């Protein structure tokens, strides 16, 4: 029977907030290239960038009832992560639900399905990553789970995990690894800052990373036209 | 034999204009969730929002001749609705045709195919909803029907019907139902305004809509982590 | 064995620069509707518009090593054209590589695969046309060819060819035809300017192009509703 | 409110049976290239070939309740035509429902969604044209219309229309045109039989259809390598 | 660092063999509609039907080295489950690898990527469920994990889980639930056998399941044409 | 202006016939993994397997006129390779055209578009590799090139090249390399025959290819569960 799990353990908000401003690609690299959602998850307006803690909700196809149930489980700093139990692009979410979530301090929605009221959501600055935009409405007939682990766009999400999302997509950081991954992300950013300066000055990656010998060893040759 | 139907009956412009500013999702709901085009119909520039009367045109694949024919049938307040007779993403429409349509007071184009000159169309503020963007050119060889009922992106469109389009997609309102649907759309907006205020104040949909008992009756249970 | 071809012949930069500001659709028409890449090649930020000379690079799936190799072959005015040897949407390219390319005067990237760091690339104004956006990282293990002819998004590209790209997509102009195609593109623009003025004034394409008789000869008839 | 229309008018079974064995492509041509469903409608087992009268049913996403309702409206010679109200590939139909339909003389199913129990349906020789194969189950919660006109895979279907389906796809023949289209289909087959014999004997379409002059007039030229 | 986990715990072969001949749809229902892979996983030849224990392998894009590593971990009764770390349709698997796996008693392959040598595999009766067929070859450069939990086509697979696959797709049964799910599957089959007999005799699902009152309560009405 | 090139140079038929029975994957490997068409090119009936010389034809979207023109250029041993100038899935080809081509000794069709009359073509044993099956008809209005180099499904094809196709897809062998590639394909087959015997006997690829040390050097480790 479907269940709503209350009082989930969340990654610490201080750690979560550390991810704000760090790119999804950096986080994905920092945790060993894991946790990335499929590339069909796109922001509905450009330049959105958030980090928050996952509240998860399963959605029966064409039925958004459980989003209302999940809303009650959301608190400041959360991101709602919604996955249909069967692929469906219906418009499960619009500006009324966003108003409700925003009033609770929810930072955004990640939904492997459709979203509507895009213009209003952009104006509200409520960020959504979705698989589709669709005005198609939903019913409220079937119950499903809230705050159980689920797979969204090919990534496993546990309630309370950290979600980081930007123009590049969405990545999931397991709750217990959040602090470690944050540190590694920052280390990576620091290292990239140095590389960036050298590249900007005209040095080549070939030289910075010492690739020339390895390339030759692999059989690459240079010739003139 | 292909035919161009002239002097079609159109929804009254005063009614049509009432739809400007009302969202596609609202109109779709107000008319019982009918008339929505498929979600692959996307605006070529964000925040476009129009309502107008349909002039319909069938397009042979890779052939945009009939758009020129349809242009003559267009008048102030119209939206051209174009559907290829066989799926094809060629760029049937660009800024020259938009200039022609705009000079006649046409408010936009809905085409289940490709569009080109996107930068110029965005600068002109000529809105287009299309299935693809493609620079690929077309020929002018084959005739087809203008102002006959057709299916565009899965929706049945009769000439003179109301077309409403925004970031969420495109919806068709049958001409004879336009006034009724407009009223229902406005009623819906008024009702949503009240709900929005309550949600913004932190009330939950669960309570506003009285969902709790129904959820329990369906077997949903709440538990702690 | 894979080879890096150096000192390729490029279209003259003066000619190449003539293409800046001319639309992809115009160039495609001017050269007889050839050389257009598939419509899944989309700009990662709107209104980007470039012309440059092609440096080509083959990419093994999920492996961006050769982009570093290709960078060394790039010079002022170039556009890097990258095609995976097997379809793959991995994020081969981000802002570090863009910094490197930009420092060498490279004008953009055309890649039939994934790109990441979209927000940063948009801020840098480094234009990219890609098939996907993906934060997924790559390895550096396998060598492949640089500056050999390749097929990118269905178009044949020789090193040194002219690449023109805008919101409508990407078109390839063979190096030896660049001057001729530029002239024809300008002629076409001039001609369109005149047509545009007539259309804006309300004349119909039907009359400007003299279509009426041909349409009737094909069997098209006009009727009243 | 949703309605089940009973006692619909059907095309005459004698006429319908005349379509058995005539190809979908032939019927589509014979009625002026109209009524064809989208090419994503594929048979779940090869060489199935049927003609029957349409009973139509709307399906809420992920909900197959109405198929049970529609079953009661079916009789000898019918084909059930099912379209979800929002795109959804769930497996709405399997061998139990097929057993029920077959017991009533239903000849097949056309569904723009998912089907399951493919092996069993193939063994039963119950033909299905669907958009997907999926084992995913459905709920029984939401009511919808039976025997109202609907759009299935881009084609408008009225209850009682003739449905013809084979390896090439599915075509709809309006009930009132069935007799005329059948005659034209047979005429076309007779004509093609003659052409086939000439082509088999080595004559060229160029000569049989007299294309050479027209091709030259269009500017085609022949040259040696 | 990547790891190969040896000596995994597997579901008991006796239980696993009980699933042979039970349909994927039945198993999916019996375990509460969980564990189903996405519907793009299709058998490369029809009527294949297997049950076995999962050995899991991650595949870098375009690199099939780890299949060789995984082969050593396979034993009688296993099914190899392979997922690329980044979406890629390359042909990772052909008849040589199948020969190797078959010699170890492996019952089939489930791969969310491409497969080749389809004709040979069909002749060998080696079953494969894949996302694509592609002759494109792979490299052997990058290591990855074997026998760790992974997500394949949207389903979470642990090493040793039961995999059941047929024409309808692929379902995963968690190792520890295998016996329970098998029993429920058989119960379901027994129950369906009775329903099937009634449906075959012409009884309607409407009556067998007692739907009429519920449908009326939902507002469904019956009317004559 | 469009041109029909006559009397093209073809690969020698004796060499071409040597490819019959050699798999597409083998040929693709033997020529350095080049020349493979995209994996969306699928046979319309299973187990078809051909080799022949390419006659190439460009197709305007929705227009199959040039297939008739190309037919005259075909001779014993040819395979017709057809690519639309703009993506289009219309059914350009059916059994009448197949009858014509077969009467001239043509061995099959490769078309990056739609095909119809699938049942009839399967019965005739006329093999077709296509991107889609569609009953949708075409017009005969626009001329295009025959026997010029073209890109079909991402592969460059010159008239007279060798085409090899089977269940795995389609590969192009340049005319001048045909003999060399045939020899390499046979060498590869001979080598694989030996490997197959060892794999069948239970030896592992890990040992046959000596992978163990390289895997360890890359950091792969083995552990117990």
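A, B, C, D, E and F are the chain letters, set down in written order, and residue numbers restart from 1 in every chain.
What we mean here is this: a contact is a pair of C-beta atoms (placed from the backbone, for glycine too) under 8 Å apart; a residue touches a chain by one contact, two chains touch by 3 or more.
If you're wondering where the values come from, they're calculated on a predicted model, not measured in any experiment.
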item: Copies chain F and chain D - interface residue numbers shared by over half, same or different; value: different
item: Between chain F and chain A, distance of the C-alpha-averaged centres to the nearest whole Å; value: 41
item: Chain centre separation in whole Å, for chain C relative to chain B (CA means); value: 31
item: Distance from the mean Cα position of chain E to that of chain A, given in whole angstrom; value: 28
item: Residues of chain D engaged with two or more neighbouring chains; value: 33, 39, 85, 87, 89, 134, 136, 142
item: Chain-level touch network, classified as line, ring, star, complete or other; value: other
item: Chain-chain contacts as defined at top; value: A-B, A-C, A-D, A-E, B-C, B-D, B-F, C-E, C-F, D-E, D-F, E-F
item: Complex interface listing, chain B residues touching chain D; value: 33, 38-39, 85, 87, 151, 154-156
item: Partner chain A, residues of chain D touching it in the complex; value: 60-63, 85-90, 134, 136, 139, 141-142
item: Residues of chain C that touch chain B when the two form their complex; value: 23-25, 28-29, 33, 36, 39, 42, 46-47, 49, 166-169, 171, 192, 195-196, 199-202, 204-206, 209, 211, 215, 218-225
item: Chain E partner contacts - residues on chain D that touch it in the complex; value: 1-9, 45, 65, 68-69, 71-72, 89, 91, 94-97, 99-100, 102-104, 114, 116-120, 122, 132-137, 140, 142-143, 147, 159
